[in-house]
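First chain A sits with chain B, and in the next complex the same chain sits with chain C.
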Partner chain A sequence: MKRWVPAFAGMTMILCSPVLADSNLPPSYWSNRQLPDARQEAQAQALMEQIRCLVCQGQSIADSDAELAGDMRDLVRRRIAAGEKPSAIRAWLIDRYGSWISYKPTAEPAAWPLWLAPIALLLAGAWLIRRRIRLKGR
Partner chain B sequence: MIAETGLAALWLAAGLAALQFLLMILALRSGAEVARAMRSIALVQGVLTLVAFVMLLVVFARSDMSVALVFENSSVVKPFIYKVAGAWGNHEGSMLMWVTILAVAGAFLAVLAHRTGERTLLAALGAQALLALGFYAFLLFASNPFARLWPPPPDGQGLNPLLQDPGLAFHPPTLYLGYVGLSVAFSLAVGALLTGEVDSRLGRAMRPWVLGAWLLLTLGITAGSYWAYYELGWGGYWFWDPVENASLMPWLAATALLHSINVLAARGALKAWTMMLAVIAFSMSMVGTFLVRSGILTSVHAFAIDPERGTFLLALLAIYVGAAFVLFAVRGANLKEGAPFELVSRESGLVINNLFLTVILGVVFVGTLYPLFAEAVSGEKMSVGTPYFNAVAGPLALLLAALVGVGPLLAWRRERRPVLKKLTVPALLGATALAITIILAPQIHILPRLGFAVAAYLAAASILPLIGRNPLRAPLATWGMVVAHFGIAVALTGMAANSAFTTERLAIANPGDVLSVGPWQVQLESVTPAAGKNWTAIQAQLRATRGSGIVTLAPQMRYFSDPPMETNESAIASFWNGQLYTVVGRQDVSGAWQLRLWWKPFVTLIWAGGGLIALGGALALFGRIWMLFRRRSRAAEWRTERYA
Partner chain C sequence: MANGTLRMTRAVRFAPLALLLLIIAALVWRLATPADTNVHSTLEGKAVPGFDLGEALPGKPALSSADLASGQPHLVNIFASWCVPCVTEVKVLEALRERGVRIDGIAVRDRPEDLAEFLALNGDPYERIGSDERSQVQISLGSSGVPESFVVDGKGVIRYQHIGAIEHSDVPMILAKLEQAR
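Presenting the complex of A and B:
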């Protein structure tokens, strides 16, 4: 329920509102608390910013009010505290929920065009310009 | 009757647009004398859509629930300003605003433009009419804002609480003016391609439109970013969300156009490329409209559920963009390239600027649309978000910002002076900033670190065009450029500082508890209920201090009933060196409260920089228009002397 605010008021309304979407269960312990170890918390935070909230429209779990996002924050913090590597947690999540859950495109062939596009664009542009400025140089 | 008046005005305007287009064809084929008729028609068409739009505002202001749109998006108990602004806080209303701006821009083009050749202007008016015609059809056949409901229900379903904010009153109109203002550049380019009159005169005629649209886009994006920042309650200011990207893409194209048009206006060069950019810029506005309005963003499947509107918009997009590109392919190749330039020259500087901006545009375009494409092809859903865009567009933008310091120092055609020597002081400043961040903040990431360095260098380099001359005698347009480029340095500093030095504190607190965040000690004093016209809330009282002086903050969590929704109303305290951002959340089972606190050093510079960039645009626009009037009155004097 967030990103459309800056660009177009009034588009689709997929509500992430706790009133509508959530149960009455209390939030998990680490949903809204930070890990005592600052380094671990920073790791968890960085990972949470890459993980998509599955019931929201375009929010990461790091900045969503939805209960599911809270539970996933809890999961991430617990695993980080248990000494798991962020990359392993991310892989575990992708394994369960698909690559939809990761804002960072995976290394699968389906995502290659994303990384190739900028390089191709830059080369094509540079080639066009080179041709043009040479012409002018003569 | 009010709604019917609006609808009738729309139908009439659509009829006039069709007539305007037919007259254009007549004029271009047989040279018929229709200039005055076309101008009047364009004017009346603009007035009619304005009437329709005002009628929509009236039914919203009067909470006329017999109009379906009002019923769906408004309620009787709501502050008056949100009743009116709610008129464009929905699909039909915002499309009507879009079309109104399109037609009014056409009317202004008809009345104001005297600087292009007559034939080009007529062709442009015809193109504008054709654009408007498609969108009238979209409104009348697929998105009628004036449809009635019988019997009228006693109360409406309410407006999304997130939109019940002063931001709604200003942000969408500003942004739309920017988007649709680009339609004039599009139409002028199409007109000039049709008549073959692509020259520096066209560049000078197009420039104020591009400047105006660009500055409104800049303002709209900056304001939207701040709105999202304080309204959403998690301290983020940009999310690389598809809808944000939909506004960024026209801005990037318009920024590129703004620079290349100077080459066309001053030197008569880069003709084909500038026409191409003018077409791309408005195409991006239409792509953005399609993305947001079709529902395709949620999923390609959502699009398939209600395909009417999406297909309609996609067809319009394909027709207009396709036709413009075909026209460009046929006519663009015949354009003679203008005055030549060498490798080191102002022209090449602007070409390189355009290269970077279009590559960034391409990255945003691909990143936004590729997931849709991949899902349509393979059924596999993937996400592209902040990690991708920051990693790819970030370095490109930094490189571009570094080059911004060089370009304005170069002379037109060829540069023989040792320009790099002038950059010694800025380069030293940049290096110093880099060294300081390495010594004082060794742990920060590479992008913000480079951001600080580039910002320090650019802040100094951007004012160089005013050094070595009397700054008061420099043209306003030069001042505009300097202010805008300096604004980039300011915004960059804010982004780097926010990314490198933000501290976050999330906690569950009882009244009396003290939490520390950055240099601040924040005490939760109490949590009390509060109420407004159409919401109730819990409100936290916070006392914050960092040694001396006490600041009180009162973040709220609001409950709206129609529609039922909770929103976080953050409380923000601003200081010269940053903002303390506080949010209160729900109560824990133990009775304690969720608190979210952030200390964000220098974050305000992000929007201050955006404001400076827009101010630069305003200065340049004012300067150009002033010069135009002076030239015109001089020409008039000359005529009176000569023929007296």
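Presenting the complex of A and C:
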């Protein structure tokens, strides 16, 4: 039984590590607070849902509870409130972290297969159907 | 024609198996060589974005981007008193400081009393420390966590980004990067 104690302690430490990795400061002012202007808040929300969290990669900063995601929401809301366009804020972030930071698909050459795949699959499907119809006709 | 379709279907019949093997091979390869999940700053080779941080501790000089373009290379360390790997890293930074490296700190989401305790316990290799309470300068540098370090040359251009703690084994490499930035 005693043998399990270190293993259990180790597991608890691993499970608790996000707690240890948080600061003692409260969340930034605009990280969990909506902007008073509903139109601006909607713009900020739409952008935050398309910006990837740096800590919980795979979540958007709108979904993530990481402190850095909170600070990024604070940054987005402050800039929107100051009148900056969402596209400019997105470009500013891409300048720093690469297109990885944005969920919005780009037209970069690396993404071409993504855009071309549906067309290629449709053409392949049409070719298969045409062959079927011809074979049945014989 | 009939013969042709027969041969065709035989090849098609094995296609799913071939596809499965291909997928398994891809998965095994990815497991054997895991992808780099670090997010690298795209600012290497570009000027440090302008910033002007307030003082993190009473009596300790604050940090602005103008301080970095001093003609000498700097090591800018992004750290925090609440960051566990920073405890061991700060000792390596002390060794670098003893070898003449100018080290400036950006304390992320920190409180003066916590920072004072951290530096008293672990040593203080920093010439200047700026307080980045909302991680805004960290984000503007393209950094995604603590600790991270940037080698900045005398003109204020970022030459190298180090993700994670600087270990003792990294010291020669960091010194070489600073020498190149001279």
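Rule of thumb we're sticking to: the second predicted complex is superposed on the first by the 115 of 138 C-alpha atoms of A that agree within 3 Å, B and C clash if a C-alpha of one lies under 4 Å from a C-alpha of the other, contacts with A are read in each partner's own complex, and residues count from 1 in each chain.
The criterion applied here is as follows: a residue touches a chain if its C-beta (ideal position, glycine included) is under 8 Å from a C-beta of that chain, and two chains touch if they have at least 3 such contacts.
Remember, predicted model here, so these are calculated numbers, not experimental data.
S.K.: Could you look at A:P113 and tell me whether it touches chain B, chain C, both or neither (first, second, both, neither)?
M.R.: Touch status of A:P113: first partner only.
S.K.: Determine, under the contact definition given at the top, whether A:K85 touches first (chain B), second (chain C), both, or neither.
M.R.: neither
S.K.: Which of the two partners, first being chain B and second being chain C, lies in contact with A:R33: first, second, both, or neither?
M.R.: A:R33: touches chain B, not chain C.
S.K.: In the superposed arrangement, does A:D65 touch chain B (first), chain C (second), both or neither?
M.R.: A:D65: touches chain B, not chain C.
S.K.: Does the superposition put A:L75 against chain B (first), chain C (second), both, or neither?
M.R.: second
S.K.: Given the touch rule stated above, what does A:W100 touch, chain B (first), chain C (second), both, or neither?
M.R.: Both chain B and chain C are touched by A:W100.
S.K.: Identify the partner contact of A:L122: answer first if only chain B is touched, second if only chain C is, both if each is, neither if none is.
M.R.: Once the two structures are laid over each other on A, A:L122 reaches chain B alone.
S.K.: Comparing chain B against chain C, which has contacts with more of the residues in chain A?
M.R.: After superposition, B is the partner touching more of chain A.
S.K.: Quick one: classify A:L54 as touching chain B (first), chain C (second), both or neither.
M.R.: Only chain C is touched by A:L54; chain B is not.
S.K.: By the touch definition above, which chain A residues appear in both interfaces, chain B in one complex and chain C in the other?
M.R.: Touching chain B in the first complex and chain C in the second, residues 20, 57, 98, 100-101, 135 of chain A appear in both lists.
S.K.: How about chain A: which of its residues touch chain B in the complex?
M.R.: 1-15, 17-20, 26-27, 32-34, 45, 49-50, 52, 57-60, 62-65, 98-106, 110-111, 113-115, 117-118, 121-122, 125-126, 129, 132-133, 135-137
S.K.: How about chain C: which of its residues touch chain A in the complex?
M.R.: Within the complex, chain C contacts chain A at residues 1, 5, 37, 39-43, 80, 82-84, 108-111, 114, 133-136, 138-142, 144-145.
S.K.: List the residues on chain B that touch chain A in their complex, please.
M.R.: 73, 88-91, 93-94, 160, 162-163, 167-168, 171-172, 175, 221, 224-225, 227-228, 231-236, 238-239, 241-244, 246-247, 288, 292-293, 295, 297-298, 302, 340-343, 348, 351-352, 355, 358-359, 362-363, 366-367, 370, 374, 378, 380-388, 392, 396, 504-508, 559, 563-566, 568, 585-586, 588-589, 594, 596
S.K.: Along chain A, where are the residues that touch chain C in the complex?
M.R.: 20-25, 28, 54-55, 57, 67-68, 71-72, 74-75, 93, 95-98, 100-101, 135, 138
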